[in-house]
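Consider the two complexes below, in which chain A is the common component and chain B and chain C are the respective partners.
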Partner chain A sequence: MSLADELAKKQRSISVAEFFEKNKHLLGFDSPVRGIITTVKEAVDNSLDACEEAMVLPDIFIGIKKVSGEVYRIIVEDNGPGIVPDQIPYVFGKLLYGSRFHQIKQSRGQQGIGISAAVLYAQLTTGIPTTVISRTGAATPAWRFEIQIDIESNEPEILRREEAEWDRTHGTRVQIEFRSTLAAKKRLLDYLKYTSIVNPHARIRVEMDDEAFLFERVSDEVIACPEPIQPHPHGIEIGNLKRMIVYSEDSLEDFLVNGFARVGTKTAREMCRLAGLACEMPARNLTPAQQKSLLDAMQQVKVPAPPTTQCLSPIGEALIVQGLEKEIQMDFVSARTRPSSVYSGNPFMVEAAIGYGGKLPPEGNAQILRFANRVPLVYQQGACAITGCIAGINWKTYGISQSGLPIGPLLILVHIASTNVPFTSESKDAVASIPEIEKEVTLALQELGRELKTYLSRRDKSRLQEDRARAVCAIIPEIAAKVAEIVELPPPDISPIEGKIMRKLVTRRETRDGKVAIEVRNYTDQKGAVTLYDISPDTAEDATIRPDFSSRMEQEVTKVWQVPIEPGSVWRVEYTGAGGGSLDIRGIDQKYIVTVDLDV
Partner chain B sequence: MSLADELAKKQRSISVAEFFEKNKHLLGFDSPVRGIITTVKEAVDNSLDACEEAMVLPDIFIGIKKVSGEVYRIIVEDNGPGIVPDQIPYVFGKLLYGSRFHQIKQSRGQQGIGISAAVLYAQLTTGIPTTVISRTGAATPAWRFEIQIDIESNEPEILRREEAEWDRTHGTRVQIEFRSTLAAKKRLLDYLKYTSIVNPHARIRVEMDDEAFLFERVSDEVIACPEPIQPHPHGIEIGNLKRMIVYSEDSLEDFLVNGFARVGTKTAREMCRLAGLACEMPARNLTPAQQKSLLDAMQQVKVPAPPTTQCLSPIGEALIVQGLEKEIQMDFVSARTRPSSVYSGNPFMVEAAIGYGGKLPPEGNAQILRFANRVPLVYQQGACAITGCIAGINWKTYGISQSGLPIGPLLILVHIASTNVPFTSESKDAVASIPEIEKEVTLALQELGRELKTYLSRRDKSRLQEDRARAVCAIIPEIAAKVAEIVELPPPDISPIEGKIMRKLVTRRETRDGKVAIEVRNYTDQKGAVTLYDISPDTAEDATIRPDFSSRMEQEVTKVWQVPIEPGSVWRVEYTGAGGGSLDIRGIDQKYIVTVDLDV
Partner chain C sequence: MSKEEMDKTAKKKLIDIAHRWYDQMTGGGVPSISLPTRTKRNIEYDDESEVWKYGDRESVRSAGNAKSALHLLKMAYVIWFLKKQILENRSSTLRELYYISEGWKKAKFGAQDESNFLIEDLEILTDLQREAFHLRPEEDGATIFGPLRLKEQTRRGEREIHCQDDVGEAGYQIPNNVESVEFVDHDAKFIIAIETGGMYARLIENGFDADHNAILVHLKGQPARSTRRCLNKLNDKFGIPVVVFTDGDPWSYRIYASVAYGAIKSAHMSELLATPKAQFIGVQPSDIRDYNLPSDHLTERDVAALHAELTDPRFATDYWREQINLQLSLNLKSEQQAFAAKGLDFVTKEYLPARLSDMGII
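This part shows the complex of A and B:
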């Protein structure tokens, strides 16, 4: 027997379940720490997709509990449309099975792998089958299944199937137990926080060991579910075309019109003409050579870009800004939704936001939030094309330091929405380098960068102006007093000078000989009232104008006055004290305010 | 009909071919540029693996030719054992089919996906079937196949099957045509160069358009093919154990001894005892609860690490250094093969090398060469755990600048050999972050870093010494002359002083008043002869000692003298000229040499 014969005996078909069992890190199950996040992510993706299809406001419950030793029980429950009993074993017990793979529309799940990978991981690490309860409506009973995957055939194994009591009228509940740890709890909560930012219509409740968390919905508007579209004639390759042709019973013209997006009768006829083919011939009669001519002709005819409004569901600039502001206080934030575009026939859209200052950490790399089809990406930031684009931009142009990534109190959010997000692996952690997508991400960030630059230079300018104004207001009275002393005259009224130099609301606190005097001079044309906050250890009990509000907090006393202003008005209060602490004016645009504190 | 019923109608099984057709970037077919490299890589991996199994010195031919427009024909032909005709359609026409997936041993191919992905890509982009010729021995005919993949079933479609004439007595030839470009030609040649470095026993001939390249073998020793091992009892999970048990006809004791690496009778009995199970019970009779007790017991008993010498095939320190030196001239190079280790029951081994100086570019990031199971990794450097480890090391400790990656004339090679290399995706571009592997890579590089540091500080020290010596030799004659002038005596002989200060071979060139004098003084205990190279515009026709060799090259004349030396010897030549240019001594250890050029 030849060596080839011997080798042949070792040749074997590998089931996709075997493949992913051996390569479980490809599915995001590379460590016990990650297992929980990956499972929650896949289950929540499914729940949100299902609720979107059913036009239901999602109400999702997540329970994570240690049951023994290293074994955790993960429960994810939703109020979606439910799954018919016959489908349940396949949805959870077969890798590469699903409803969204063949549709050209934006959805969170695309591959038909996610949740069954968690089932596989459970049976691999604990041998415990997965329990699923699902109900499709109040009129039907709920069904309870215990499921495993037959690894060598990648077919579901049903260990138990029975009707069950369940208090929800529709929805699905999956319970999975595997070896894991809760070491990445913070990351899990971050993932849920960001999920809730981009899915403001979802309520997500979490019970984790003994703690409970609620991510409440902030919008009662159901997101419109994207609708599938036909493939675009410029994004199709010969292999796909051949298969579409085999199944077609149409004439060539109808095949083109019905099978492709943006192809009308006129375009179809032009394609037939260029290919030298009769419009009325049955499409399935095309010879391989004719198929190739047709494909070439299809590329040559101009066709508008694929329709995107129906198949994509961007978050929107307003909602991104709102979501970010809810979570993080920043001085500047702006978002951009780019026009839709296409790569290899797949429509996609890039959204981005930049935040600056406020409570963002002033040092270290910018914080990067990556999203794909409304799902936060939590792992493999370094491998992601989004990160690559961010590092590839010259941030110094926009006044931001940079060492690889930009540095400083900066937050960068990028969302890629597509009918087919090109991930670098099945675990959907990072977006692959696709030139068309990278271009859009870069453009979005550059636009925002320019806005940020404008903000920063205006801020620097107004800071400069304010510094100057403060200096002037501090020094002019001193000069006036000195001059008065020399010429032996009473100090002159300097307010017209101040008013001339700048049109500001000047608040001046002078502490001298155990006396505090606060003066508010309005050189602006604003009128109404402002609120003065004076926070210092002084109680100001003998104040010439009684504070409207006063409260002590440890060593500090907060004194608040409503100060009426009108053009040219001067308001003044005096009390016995040592001054210090802080002085604040509210109720007028910050750009008018100049505060001077003189401790003489 | 409920929504769930409607959704159910869209549910479908997805064939693995459909999955990878849609996600072809996961297989390394994300762009036409990459297609050729990925295909060559997969085919060459298969050829090298097959030759290794057959104990044949690989003789591989690669042909890449543009056939029309954007279509390229890629041919890879080897002298391996060949494939029996019945297997050919499956090996090339079915994803997830192969002989190496289920074996625990190091091999280049592991997944049974690679080459069939190229077949898929061809049929997708050009619709042209793949042609395979294979022959298993001189006594059998060669067979020729035309193959495609039926995408919806992931089964091979045989378009033609016939006996063929072929001049090789054994081997396989695959011819694939797809849309591509040769834009990444340099990267392809780099890939082949590095392949040849780590496979010194292979001859690889390439014809690319009109150019031919040969990577000749430098070793006639066949690499021993790694032998498969049994799984290690500490690396097994409950799912795998269950499946092994189902197929077993042994008693529990024999099941453990025969089924696992490093388990002898004594260890097996200890496992049974701890699990509270009888050694002689048939393994297949174990209840699920008993299976779990057995697994726990298996983890508790101490078992030596898995055997690695048979299943792994490291390159070896000597061969790595030799391979690198063949390709790149460097001042320092050192390699390290770490002891074998284990992650999740998979044996692995890390090898690394560091090169410094020489012809390496003095600026920019260090050059990184990554290998896995003797295959160079050419894409996704940033996503690779190897790169992460390199960036994670504090190179400043070793005298190397760093900004993320180390900077300077530095080359870093890392090879990971394992029975199951954990790649981040099916395209096998980058190694996933596995703590055990990262630890070994870091340790290997730190060891080499310390060596590099020693080299650098020795080099700096000898540089310093040389600088000092040169300064002394330059200044002492000046001082002597000055002193002689002052005291009005002839200049003293300073050689004893120089000899006392340092034991060097001092070459001094003095240019004064249109006369050049070169003196070689030997203060060392070396004897024999050295070669003096004097390169300047001077022709030295009137030299007091005639050069042994003289040649003009444009404006420069190279003059070479053999200079006899013995301890204390002085050799001197004079000629008319303007000096300048360079002066070099060869034939004696560099550490003895001091060269002084005085232009008075």
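This part shows the complex of A and C:
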């Protein structure tokens, strides 16, 4: 037997399932710690996607409980549309099975690997099958399945299939048991918190080791489900093109017009001409070489950008702000949704938000929250193009210190929505560096940076005023007391000084040698007129400014003046009398008024 | 002025400051003080007294902001304390004052520099020396060695001392309050003020004082007020010329400047402290070149200090511009003890006599 024959005996195709068993890291199952987060993430992504398609407000329950030793039971339950019984084994028991793989629209899951990888992981670490319960409506019963994956053939193995009692009228519940640890509990909670920030329409309840957490919804608006669109000629790859050609019954021209976005007869003919192909030939007859020249021709012809609005579902500025405010207390928060744009034929949209102050940690790097299609990215922050953009901005221009990343009580949120978010790897942890996307991220953050700067300078200004106020309230009275002690005189009255420094309207009355003097000093920037009421036994007949109104009631004479005020103005009246009685100012906000009555 | 009169004046002048604030406050105003700006931009040459004094620039400290209000509060506490101290006929050191402020809550000083600075403010406002407030510095006075006879009022009566015959190898120590010393007579041709202890000891060991009838004064780096006051009094009373001998670097030129023209910090009493006729003997940048002295390269800070001196009005003479520019182009500095490279006697037998005769002193 030759060596080649010998080797041939060992050579065989390996199943997808077998491949992934050996390459767990590609899917985020490289460590027991990460396994738990990945499983919850995949299940929650599926639930949110399903609810969105069914136009229901998501109500998701997550249970994580230690069963024994290192074995944990993870339950994720939603109120989505449910899955018909015949499909259940394939959704959970076959890798690369899914409804979204061939669609061009924004969705969380894309490859149909995630949840079945978790099923496989459970099977490999504990051997316990995964239990799925699903119900599609009140009229139909719920079905309960116990499922495993046949590693050789990548086909589902159904261990048990039965009708079941379930209190939900529609939805899906998956229960997976695998070897893991809760060491990354905080990270998991952070993940859910961030998920809830960008999905403010979802309610997520968590029970973890007898502790309960609730991420409540703040918006009752069902988000519009993005509509799928046709692929754009500039965003297609040879593999996808081949797959489309295989299923096509059309002539080449019709195939191009019907199969792609923004391609009309004229564009299609131009493509055929460039590729040197006849428009009328059936698309399925193209040889591999012809397919390749067709793809090249498709890239050369100018095609308008694909429609972007219907296939993308941005969160929106108001909802991002609401989402952030419900989870994190901050002094300033603002969000920006950029207009949609296109890279290599793929529509995308960038949203960003900046938060400052409040309970954010005052020192260290800014907190960065990255999202792709409403899914938080928690690993590989350093490798992500979003982090690169943030570090590339000169934050000092906006009054924020920086050493690589910005520093201080700052939160930066960036959300990229796209029909095809370009990740650096299959585990979908980091966004690849694409110039069109980076430009939009930078523009969004710069706009927000300018807003933050305005906020900060306004805050500094009001701090200056507070500083003045503090000086008055705390220090001047002590100066007055000490100075009085030195000169051995009674402490001076400092309320007019307070009025001056705190920018108030100070009214002061003093009676000396049978003369009453009333002074109104305006240290505010208010103007107009105020009304001065002076009620005392004095008649004020010789007043230097005659009262606008005067009336006697028994012993008391009420004297009323209209006092015009301008910023910095001083108004003064004097009359013969004994003073006393009451003094009152009306016609200006109470908070500006300081009245000093030296007679009382 | 008798001690009682002095105390009365000091007390009145201090209370006057508080009175001004009291009147400002009863008039509805924010209390404030105005003081000359204490930077090199605001010192001017006074032709009459030939010393540098503060100019017309003033800065106003008003209690309208927290920082200045706090400064005023601290000043009020210090005035209150000094008034009490004068009345009770007690005294304290600057350092003790700093510690006493521990009990003043908000008015507590953050560092001793701050309380020293505030006392200088009070000297300016009252036109009195801190001794009038019964405050003493804790720093040592410098030492004197040479043909000089003086009388000192000590706690145990009056002592008459000859600064060669009656003192040890280290010389006579100048007391903090120079006003308690009376200079009786001398047999000196000039006074040489020396920056470092090593060079001072070298001159004593080599008998420089006896050979040239010189009074040696050890400055101990940047000289204390008492040292400067002492040089001022000796020059004033006997008309003996004063020369200053320091290292050849920008920091040492400032030592000379404070002896000759007064310090920026104490320009309010330059007339009492400065000796305008004092001359700089060396080490000059040209000496580094001419004697090929062992030297170091200038650091960035040295260069910055030299440039700062070029804009300092006290150095605005042809001599200093020339020397400083020469030093910048040489990019070198030397210590005074670098003369030891030419033998231990070189400085006393060759360098100083040559310089002194150049300057027309011997």
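Here, the second predicted complex is superposed on the first by the 378 of 600 C-alpha atoms of A that agree within 3 Å, B and C clash if a C-alpha of one lies under 4 Å from a C-alpha of the other, contacts with A are read in each partner's own complex, and residues count from 1 in each chain.
In this section, contacts are C-beta pairs under 8 Å (C-beta built on N, C-alpha and C of every residue); 3 or more make two chains touch, one makes a residue touch a chain.
Keep in mind that this is a model prediction, so the values were computed, not measured.
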Practice task
Quick one: classify A:239 as touching chain B (first), chain C (second), both or neither.
Solution key: first
Of chain B and chain C, the partner touching more residues of chain A is B
Quick check on the superposed pair: does A:486 touch chain B, chain C, both, or neither? Answer first, second, both or neither. second
* Asked: Of the partners chain B and chain C, which touch A:328 in the superposed model: first, second, both, neither?
  -> neither
*asked:* Looking at A:342 after the superposition, I want to know if it touches chain B, chain C, both of them or none. Which is it: first, second, both, neither?
replied: neither
Q. Where does A:535 make contact in the superposed view: on chain B (first), on chain C (second), on both, or on neither?
A. neither
Query raised in the report: After lining up the shared chain so the two structures overlap, which partner does A:508 touch, if you call chain B first and chain C second: first, second, both or neither?
Result: second
Check: A:380 contacts which: chain B (first), chain C (second), both, neither?
Finding: first
The answer for chain C against chain A in the complex is residues 14-15, 18-19, 21-22, 25-26, 28-31, 63-66, 68-70, 72-73, 76-77, 79-80, 83, 106-107
Touching chain C in the complex, chain A uses residues 467-468, 470-471, 474-476, 478-480, 482-487, 489, 492-494, 496-497, 500-501, 506, 508, 521
Contacts from chain B onto chain A in the complex sit at residues 2-5, 7-8, 10-16, 18-19, 21-23, 25-26, 30, 50, 53-54, 81-84, 86-87, 90-91, 94, 96-99, 101-103, 111-112, 120, 123-127, 136-137, 140, 151-152, 170, 237-240, 242-243, 288, 291-292, 380, 382-383, 388, 403-404, 420, 422-426, 430, 432-434
